[in-house]
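Each of the two complexes below includes chain A, the first together with chain B, the second together with chain C.
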Partner chain A sequence: MVVDNAAEGSSGDQQKSKKALKKEAKEAAKSAKKEERRQQNARTQDEDGEDYSTGRYGNLPMIQSTEHVSRTFTPVHDLTESLAGSDVWVRARLHTSRAKGKQCFAVLRQQAATVQAIIAVGETTSKAMVKFVSNVSKECIVDVEAKVVQVPKPVVGCSQQNVELHVSSLFVVSAAKPQLPLQIEDAARRDEEEGDGLHIRVNQDTRLDNRVLDLRTPANQAIFRLEAGVCRLFREILQSKGFVEIHTPKIISAASEGGANVFTVSYFKGSAYLAQSPQLYKQMAIAADFDRVFTIGAVFRAEDSNTHRHLTEFVGLDLEMAFKYHYHEVLNTIGDLFTQLFRRLQKEHVGDITTVGQQYPVDTFEFLDPPLILEFPAAVAMLREAGVEIGDEDDLSTPDEKLLGRLVKKKYDTDFYILDKFPLAVRPFYTMPDPNDSKRSNSYDIFMRGEEIMSGAQRIHDPDFLTERAKLHGVDLEKIRAYIDAFRYGCPPHAGGGIGLERVVMLFLGLDNIRKTSMFPRDPKRITP
Partner chain B sequence: MVVDNAAEGSSGDQQKSKKALKKEAKEAAKSAKKEERRQQNARTQDEDGEDYSTGRYGNLPMIQSTEHVSRTFTPVHDLTESLAGSDVWVRARLHTSRAKGKQCFAVLRQQAATVQAIIAVGETTSKAMVKFVSNVSKECIVDVEAKVVQVPKPVVGCSQQNVELHVSSLFVVSAAKPQLPLQIEDAARRDEEEGDGLHIRVNQDTRLDNRVLDLRTPANQAIFRLEAGVCRLFREILQSKGFVEIHTPKIISAASEGGANVFTVSYFKGSAYLAQSPQLYKQMAIAADFDRVFTIGAVFRAEDSNTHRHLTEFVGLDLEMAFKYHYHEVLNTIGDLFTQLFRRLQKEHVGDITTVGQQYPVDTFEFLDPPLILEFPAAVAMLREAGVEIGDEDDLSTPDEKLLGRLVKKKYDTDFYILDKFPLAVRPFYTMPDPNDSKRSNSYDIFMRGEEIMSGAQRIHDPDFLTERAKLHGVDLEKIRAYIDAFRYGCPPHAGGGIGLERVVMLFLGLDNIRKTSMFPRDPKRITP
Partner chain C sequence: MNGPNSMYKMRPIIKLAEEIDLPKCMYKMKVIQNSHCVVQKDRSTNDRLASAITEQVNKFLKKPMPEVVALENRQEAILVQLAQLKQQLNNLREQLKKPTSCTSIKIQVQNTYKNGLHEEIVVKANPKRPPYSLLALNRLLQNSINIRNYVHSTTEDLGEILKQFNKTSNSPLFNIRLIWKDVPDTEFLISPTKHSGITTEVNLLRFLSRSGPPELNYEASGDAVFASIADELLDTCYRIVKETTIKGRQIHFKLFGAALQKYQFLMGDTVSVVDIAGWSALKQIGYVSKDLPSNVNKWIERCNHIFGVNVAH
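On to the complex of A and B.
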């Protein structure tokens, strides 16, 4: 971390930089302990006698912005045959290295891109240098100067298969501890291979405990790029439909649905709660004439659910929209949102989808345009035909949902569908009853690969009727007064819903656990790192 | 809310709709209380004897999605002379109305657009209908059928100045309480006018207590559309620079800066905290090879600060970026982000800026390209020259910042500048010291109109040096172990910062209070609505 063994002899910007680095090293050397380490290091490099590679390798001092340097670095994914013969600088991680006689074969990694690098004893490369490189720990960040060389046979196991780097300089920019709690190769291994007993499997807690390492796998690099894509497309598509982005408070004074499953916050001398949903605020924005709104933000659920699909904190993609006569104006907008989203994901993130599929193989996500809208009674009929006992006004159990997903996939060939007209009895007090069937409601859930990713409804916008329904549900009117009052000064009919981001990404990619699609997941047992 | 007095005689879609509405009214009438109200209402409308306008006005039953209706509504801002002579349907709020003999002059409002509407006794419009319309409360949502008529003189006070509507039907879609806690006209009045004592001033608490009404003013409609624009542009510009959006947890296990000003959350059987900043997680994303990341999300500060610029919960626009040699690579990226942001706001949101300026007059926001970067010692010299006593290693007080803003504006003609190289002593332990000046640091604040909107720095990416600095600051190492550990497996040098969204919007628009740019503000005294 501390020693600069770069020597004189280079020119221009590089020289300026090295002088500066020397200055830094000098300062650092003031610390006795560091000085001692420096000398040890120097001895290692000198053990072969005179070292003609001095200045071509070593540990750089910590980069502290001593000065501007105008060196150009080439991204690893740009290392192709078109650069053959050029000299390049690359800053990347040492993914693996293997000494073999007078050579060291290394793989350099930058995000999902990898390239082979060879350091061989020769005119400018001393034995000491090869030894130094061989001893650099995996995951160190290194600056490498090298010639790009076209190879006769594709380099198996690297993303850049047609070239390799012949290294002339190598400096450690940032060191990694030699002992890693998990190996990137193990964490990146294809799912199918893990079962055969020959390979080390990295369990989920180890991954999450060491998320900084785990996130470096190509699949994780791709998962979170795709997740960013879902947010980007959600916004772009809704903006093109006239929606306005809003931000809603997470700290709230009262829990709208009676206070179950809500986290309590100490708030100065009083207390408050964490919002389970932005719903009240989206609805207030509608009552305040914003017409169509969306918001992306943290949503909190104090449920002690330890399953593959529950988090205590997740990212909600929420929308709410005024309509003229029928909530299907909104439901069709939501349906089209998803159709466009899936189509554009498959086009604009094809590389990410492929990368994830290499570690976690799965069938391509299928959807219809326009999407399938199934009414609840039809779904119940399909389940009964398949032998499930279910009442007309029962909610679907999780196994029912899974089975229904398979039945729908078989019958309609879609992994995505909307289930409309849920029984009134299983929905919250603010859900608008179906005017044509007293046992149904104007509400819907949306499913991907048989799992729920969104719940929504037409909301009651009439304060008197809302009061009536709240009473019927035994809701404490005093606690929802602000909610009801929001509708007292005129509010257009409206509907909306909330989408769980991590679920959408998990199910689109066919992953088995929501912790794979939350960068730093929170569940009842985990609030670190 | 309940009575349908629409009669037979119309055709097509409209007829279908009315039939359906009658059906709904019938259902509603089952409730005795509602039936009573219906009869009262019917009597009112019949008091002039036979009413030849029956079916052209009244209260619609609650829109419950009884059926699909394909009526086209024209947006109010589309009502221009090009539509003169056409019949249109408009759904809008009754902004104001005034009966005058056999006529009623109304203004209809839809977001920031307003149009005059006239209901006059005539062949199809009865006295009873004019009376009904005259009695419709302000802020009710109404469906209006009307002919668009070009006017000889511009209609003063309406956004649609060249036309008016001659109304043939008017139905109340959603009723507002007759007594409003604030009048939209008062809440929308130009700032300068408020001081003259002739007009009612709506104070801030009344506004915020009745935010659903307050948000309906043209200025508020524009403020939050511009705020959405800031987020959109922040993302678009950073995405074009290769940044990836991430999401960071709000619930955390330990407070990274020693636990001051942090809200505590009950977390199942234990407790947790609300994140004051996404910084640790952005940095972990950098250590995990995401290279350039941003995140937009809620940030929490348990500070008992009751000022015009502090909130306990605000929206953070955060970014973090790996660099090669010097943190100015990042600072220049941030500078260009703002330059592009301001330029595009002034172009793409010119209408919103004008609308806000009509209520809150202010000078246009000025900025330089590239932005001014001022070093701390130079700022201190400017302040001293202006008579301020300030030590070399002192932080700036809020009045110093304001004064400096004025001095900079005078000297450089910019409302935006970057103050670089803050004294090391006033920055947190994780800030990288300046290698060339032991009293300075590689850190910066950014100012708009003399107020801070962003703070940032190069972070220490070396775990040993970070430990050393934490010890020096007396930080409990056990509490920041996860933070330090994030850098043990190699991390590139990086810098970043956090921007307060509400401050950017407040200062760009020259507003005087941050509560004007938070849709539902949270401060030590307010967590409602």
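On to the complex of A and C.
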């Protein structure tokens, strides 16, 4: 067949270079040799006598749902001493394998759980089977039938340390390419500066280019399970507080905040923008008497900032709430939301947190109940005492925020705190000014490990006052007409805020890069995969 | 007196022999002050000049100088002022020694607050050993302590304790943020940049008593012996909490008993910081009346009454 092809090629295209011809010839020779070797192999096997393990190993045909097989599979993390002596079926990935004479040691991995498996030549296992198993490449998905055996010494390096599997049959369900762009072991190696172990690391970009493989590491499995937990708890807690989940449009006609950092998309004959915050719609829902609303959805920011904590698309968890007389009603609700969230995460995701901690060693997240609320002037005083020069009406710079985070941690022993009463000058025009001090505002930032995660405020709900404030800020009234008009038919006083899911998970776990907590991160330099 | 320009020369006081016999066993060295040699050379001219100046000065000194008179007057005035100040200080000392009633504390409260102890004190306490002394102190200071409670994430819910410690004051003398955490000893900190944390409840009390009204400051009297006895008893309070056996504790109770033989309270006939510490320590260990000497039992009853907080232990 190869020869045929070559002939066709030469007749079809006279221009084919000598080099290409040579290459083709070489390939033909190679495949011929391969074929020969294969036949030889078959012959030697025949010489060895009949393979008595036939039917106990091999490559399964592609599963196309041809038949129902009622077979119970045991999850790897359930393989414990209690199952010792019983036969189980396991579908897992071949993590590593190592042949040693007449036996082959393998590690099977299923999500974060690993178990050692042994295939040894014996009554039912032939030499050929052991050879086959040792040639199965890493990351193949295999079906394994095996006996669970308790081991005298715990198996170091596996999550199931007290048992191992004595394999009686093994089938490859889905094969992986023998050469992997990154080794799962390298990608899962503990992040330590010191130590005697190997120092092979997988570059962040390599990880992201091969995200499917990278996500198979135990730490990544745990991170995204925890991320799902944050979303779930955010919903549960807010629903228990009487919030209603709403969905806001992502294609909008005008920029809701400022306008410099929005993505433009073509919209039929004109153009539209991608929403950079659901704020306007949350507020309209409040004006429409939904009382308390939250939304979870994608948010887009066209900021060309390549930092460890900025993404161009992220998941926003936003809430807005009407209050009776004081915006602290809202602030306390938000504070309680976070306290409950952290408490339940630490309780319900204890395994995930430890798993992540095994790869990225970091201190446990600490917080106070009720959350610590500091006023902005107090924070400025703390910073000044530490030698930072900062004006009364200045915003905090990123290094200042970090330093303040460390000071607060040292003094109050908490990684989570709320900073209240920001200077009015550094807040957007719709922020309600403080009634007692014209330089302050009813606005707050929330910090985790010294990094801002939420910025919120009491919004101005009076259209005339809002117009006045917008004029003062030099905002084009035409552009925000729709926003102001939303309050013309009466609107309860309200406040709210929004957090970025990825950032919260990153800071809760103490990771150093937001790309670690976004499954397929989008930043100014990456839109694939 | 009139600056360096118009200085007068003086005659040498000691006249040296022209030639000095130097012993031979010593090194010869160059004269260091070369200028001195120059002076010696034209001595004769200098001598004449000096004698003229001396005469002038002598004449001058015979008249009394107006500057000197002014200076003398000023000195007198200062001495009188100093004497007055000393008298005032003595008066103050006398006043402080007098026993004061609770009403006078209230006046002091405002003063201290103005003096600037509005900085926040962060106290970390173990819920198994609540610092009851804060409650007692608050009672003595007529609710002038602001306590805000926080539960640290490493600690479980506390229930009842929290409510007892929630204290708000309109004109707070101390602002305390109380963080409940599994710490081995009560800790407190004021500024993370200037100070390091200080441990134990008695040290917290010592600090508060110093920054609070002087009535509670056992060092204010200036009596070193009194202060050291108080310190010793405060340390005893700490040991009571740390001691794990009843027998060990009873040794310390006996010390209390001895202190209470003459007086109603540990440091005399008025309530002091030491009583607060002792009362809090006994509360924390959950004392049993039969383990205490009888006079200590009476004393704790008195304390319970004064501090008015019937804290279940």
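In this section, the second predicted complex is superposed on the first by the 473 of 529 C-alpha atoms of A that agree within 3 Å, B and C clash if a C-alpha of one lies under 4 Å from a C-alpha of the other, contacts with A are read in each partner's own complex, and residues count from 1 in each chain.
In the analysis below, a contact is a pair of C-beta atoms (placed from the backbone, for glycine too) under 8 Å apart; a residue touches a chain by one contact, two chains touch by 3 or more.
This one's a predicted model, so the numbers in the text were calculated from it and none came from an experiment.
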item	value
When chain B and chain C are modelled together on chain A, clash or fit	fit
Chain B versus chain C as contact partner of A:I527, first or second or both or neither	first
Partner chain in contact with A:E385 - chain B first, chain C second, else both or neither	second
Partner chain in contact with A:D413 - chain B first, chain C second, else both or neither	second
Touching partner for A:F367 - first (chain B), second (chain C), both, neither	second
In the superposition, chain B vs chain C on chain A residues touched	B
Touched partner set for A:T66, first chain B, second chain C, both or neither	first
Which of chain B and chain C A:Q111 touches, first, second, both or neither	first
Nearest Cα pair across chain B and chain C, whole Å	16
Overlapping contact positions on chain A, where the chain C interface meets the chain B interface	none
Of all residues in chain A, those that touch chain C in their complex	342-343, 346, 364-370, 372, 378, 382, 385-387, 407, 410-414
Chain B residues touching chain A - in the complex, by the definition given at the top	1, 17, 24, 27, 62-69, 71, 73, 91, 93, 110-111, 139-141, 173-177, 180, 211-216, 220-221, 224-225, 227-228, 231-232, 235, 239, 244-253, 263-268, 272, 274, 280-281, 284-285, 287-291, 296-298, 300, 302, 304, 312-313, 315, 324-328, 432-436, 442, 458, 461-462, 464-465, 482, 485-486, 488-493, 501, 518-520, 522, 524, 527-529
Residues of chain C touching chain A in the complex	120, 122, 124, 150-154, 177, 179, 181, 189, 191-194
